[in-house]
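Each of the next two complexes has chain A plus one more chain, namely chain B in the first and chain C in the second.
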Partner chain A sequence: MEGEFERIVLKSPQYHYMMVQLDLFGAKANFDSDLFKNLIMKALKGLHGDVGGSISVDIIRFEKKSLKSILRVPSIGLVKVWSALTLYSSHNDKPCHFKVSKVSPHLPSLSVNSRDFTSELLLEKV
Partner chain B sequence: MVKFHDLNIARVKDAVAQKHTLRIACRLGYEVVAVTTVLKNGNELTAAPPPIELQLTKEEQQNFQQLSRITVVLSDKTNNSYLGNDKIKSYDILAVQPTTEKSFQVACSELNVDLITFDFSTWLGFHLKHQYVQTALRLGKYFEFTYGPAIRDTTCRRYVFQNTTDFVQRKEGQNTIISSGAEWPTDLRAPYDVANLAILFGMKEGQAKSSLTSTPRALLLKAATRRLTVKSSITIGHVTSIPEKDKWKIEGSKPPSTDAGKRQNTDDHDEPKKKKSKKLKSN
Partner chain C sequence: MPRLLYLCENINFIVPNANIKLEKVEVMLPGCESLPDVIQDISPDLDSYYLVKRLPVVELVKEEFVKEILRKGHFTGISVGTRVDNHTVVAVLPSGHLILSVDKDLYQELGLSGKPSKYTGRNATRFVVEIDLFNANHSNGKKQYNRVLWSLKDRLNLTFNFIFSWEPINEEKVNFMQLTRLWDKYVLEDLSIVSHTIQKTQTTVVPKLSHNQSLVSTPGDGQDVSSIYEYIGTISCDANQVGGPGIYSSSYTCPEPCEEVKGITCQRWSGLISSEKIKQLLKALRSFVKSDAFVPWAALTVHGFDDSPVSWWRKEHGFHKNGCNLYTILILPDDTYWLYMAIGTNDECP
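Take a look at the complex of A and B:
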């Protein structure tokens, strides 16, 4: 085992991972991961049109109770997806707010935040 | 550490909603916030209102700073001589919103203001001439974009993007700040979200973040020189406001007490009279 190692150099990441929570300001709604993905697509198409709609966003984890999720976004489309989520302000005539809490090219770094030591590891599998 | 600024939170009559907006701004990570009063034609000018009391934790209270700002809506007919008024000086930031080309020219070149805002939610009605923008930048003035209309209304979004990209193309976001113009807590977005929006407006990544951090900080320093100094070189303050370590500077020049002064005056009066009588006798 001595001296055996492999060095992997990541120059430009292919994907970015975002931790996003949907805040409905107290309104109750039944969401599952399909509906959540629909919402993201609607936001993308609403701001960036067909070009936005072509960006493939994957939901890696989704928690129904708190509406928190982890998304995987291709790095080329990160700015578009992030801005679409920021500007999406109403769902079914009710105000809503996509809170983006973490963005990173590395998935493990979403689990720990050095500024806030409560870890959010316990998300249910979809 | 870098502080995030949101220098345009609209002052709303509903006190509960206002407090809620400010509390959410604090929780989203903004450390310096300015509450804006808009002054249109015909409205009364009042002195700056006191900062709104919020129930924050001790840590949040230490970092969170509330400032007051006034935005004066200009049109061709307004008489701008009152901008040096004491009531306006009571506000921390003075901003001006031109609605016509002439008022834009006056705002950029003549008026002593910190910030020039626009209502980007509709077509401006006039073109932003490069010449006037250059004058304003040379005089150290700042420009502002608000992203609130883009969130509130999907139809306004198009205009916001059109106007901001048009502006950024000319000078790449130099001396521009971005703020929310939030009337409701739902209009606010976290600082990094806004920095990402700024990239969409056409700014580069570094400039996008500095439009929320270092540029508004520079604006606040400029506002302080406008309010507190004479021609940006001299400040006048009361004797009681001098810190302990500097008090030696004034101790040498204490004014004399009133009794000693009176005695000196009477002595001076007697001497010249005696001199006069002596001269007459000799002649």
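Take a look at the complex of A and C:
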């Protein structure tokens, strides 16, 4: 049985996805996903108070070694989360910073990075 | 803030490819613990593409190149190491168009006519120059041809590192020697398509898609098209966090209704991949999904280059915060497809 052709256009995202990396400037720390999330919530509460603390951030992927992570953030809270991560500068009295490398409302687009891919192509052949 | 725009279409025929440069292709098969042979046999990693360094752009507009190479096959090429938001990007399409995305200073020095970029506001700081190499006026002796040659060679000798692929129309002989003869002053390097596998061999849950399911979800329905697309993204990003209602780090779960499968295979190929290969993969996936009862659906995702100057239907593409231009075809066993087109902030809706 043939179905009808349907086309829908979605313009209002529910979530945005961020690719972030925590840089500890060479210091060693043992992070797991719960501790990483705790750090993000601390950053949010630190800048935006209880309103920031009520934003639910989900960790989709977390790499323990490189401290890279993909976060799912509700779109209404994206600006708060991004600003809180950008301005967070110390962890346990040691300097650190969050590097936000990619932000997109489409999660599949975070799985690839053509700029890194093409620059690797050129590096290999030099 | 990056804007969301995506389309979802429910179709039951194969859609011809949009004119975007293809950088990565992913095939996702729930219910398979490894890539089936029928897909392995037409895997893109059997193909290759080429890198040529410091190629003058004028070589791409010369009449001999157009006659011997462009007209006799599908030639696709793009400059590498250049960013569409602040460098000059060059691309050649199989339709015979040369696209240059340049900044204002270079545009004024170049002296070729183009259009201001749609994504730089009232005071245009970027311009897009499009040259139709298959136009009758683009031949030796004509004013347009001489002007283009003069701009690109005598006025400004623009050179780029360029990757390209070329598939001749007639399969009788691959006339690659012709290209190496034309470009004998430059070094052509053979690059192979890189392949990467993500496999989950333990029992996993995947969304359950039913026959003739409507794209428009009813209120209270746990599953809608965006949550299915998000699910495809979690597999593609190799999500390693288990989420759930009582879990602190993540509350993400598979959209309901869902079903258990014995594993998922996600195979990714990276490089300059031709649209003919995508069509072959689509055909193979379509027959595989119909024939194998353990595979509830398959997803084919195609990513374009973030720095491509054109995207859907040869319309201008910009980077903004992520430069995404990708589409996913979700293949169902009853010969229907869902086509998701994820459109970036600086892209037009196709």
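Operating definition for what follows: the second predicted complex is superposed on the first by the 110 of 126 C-alpha atoms of A that agree within 3 Å, B and C clash if a C-alpha of one lies under 4 Å from a C-alpha of the other, contacts with A are read in each partner's own complex, and residues count from 1 in each chain.
Assume a contact is a pair of C-beta atoms (placed from the backbone, for glycine too) under 8 Å apart; a residue touches a chain by one contact, two chains touch by 3 or more.
Just so you know, these numbers come straight off a predicted model, no measurement behind them.
Q: Quick one: is A:D50 in contact with chain B, with chain C, with both, or with neither? Answer first, second, both or neither.
A: neither
Q: For A:V79, is the partner it touches chain B (first), chain C (second), both, or none of the two (neither)?
A: The answer is both, since A:V79 touches chain B and chain C.
Q: In the overlaid three-chain picture, which partner chain does A:D93 touch, first (chain B) or second (chain C), both, or neither?
A: neither
Q: Counting residues of chain A in contact, which comes out ahead: chain B or chain C?
A: C
Q: After lining up the shared chain so the two structures overlap, which partner does A:F25 touch, if you call chain B first and chain C second: first, second, both or neither?
A: The answer is first: A:F25 touches chain B but not chain C.
Q: Now for A:F62: first (chain B), second (chain C), both, or neither, which partner does it touch?
A: A:F62 contacts chain C only, not chain B.
Q: So which positions on chain A get touched by both chain B and chain C?
A: Chain A residues touching both partners: 79, 103.
Q: Show me the residue ranges of chain A that touch chain B in the complex, using the header's touch definition.
A: Result: residues 25, 46-47, 79, 82-83, 86-87, 89, 95, 97, 99-100, 103 of chain A touch chain B.
Q: Spell out the part of chain B that touches chain A in their complex, as residue ranges.
A: Result: residues 150-152, 154, 157, 186, 189-190, 192-194, 196-197, 199-200 of chain B touch chain A.
Q: Along chain A, where are the residues that touch chain C in the complex?
A: 1-17, 33-34, 36-37, 56, 58-62, 70, 72, 75, 78-79, 102-115, 117-119, 121-122, 125
Q: What residues of chain C sit close enough to touch chain A in their complex?
A: 1-12, 23-24, 26, 51, 53, 80-81, 83, 161, 163, 189, 191, 212, 214-216, 225-226, 229-230, 232-234, 236-241, 243, 248-252, 268, 270, 301, 303, 305-307, 321-324, 326, 328, 336, 342, 349
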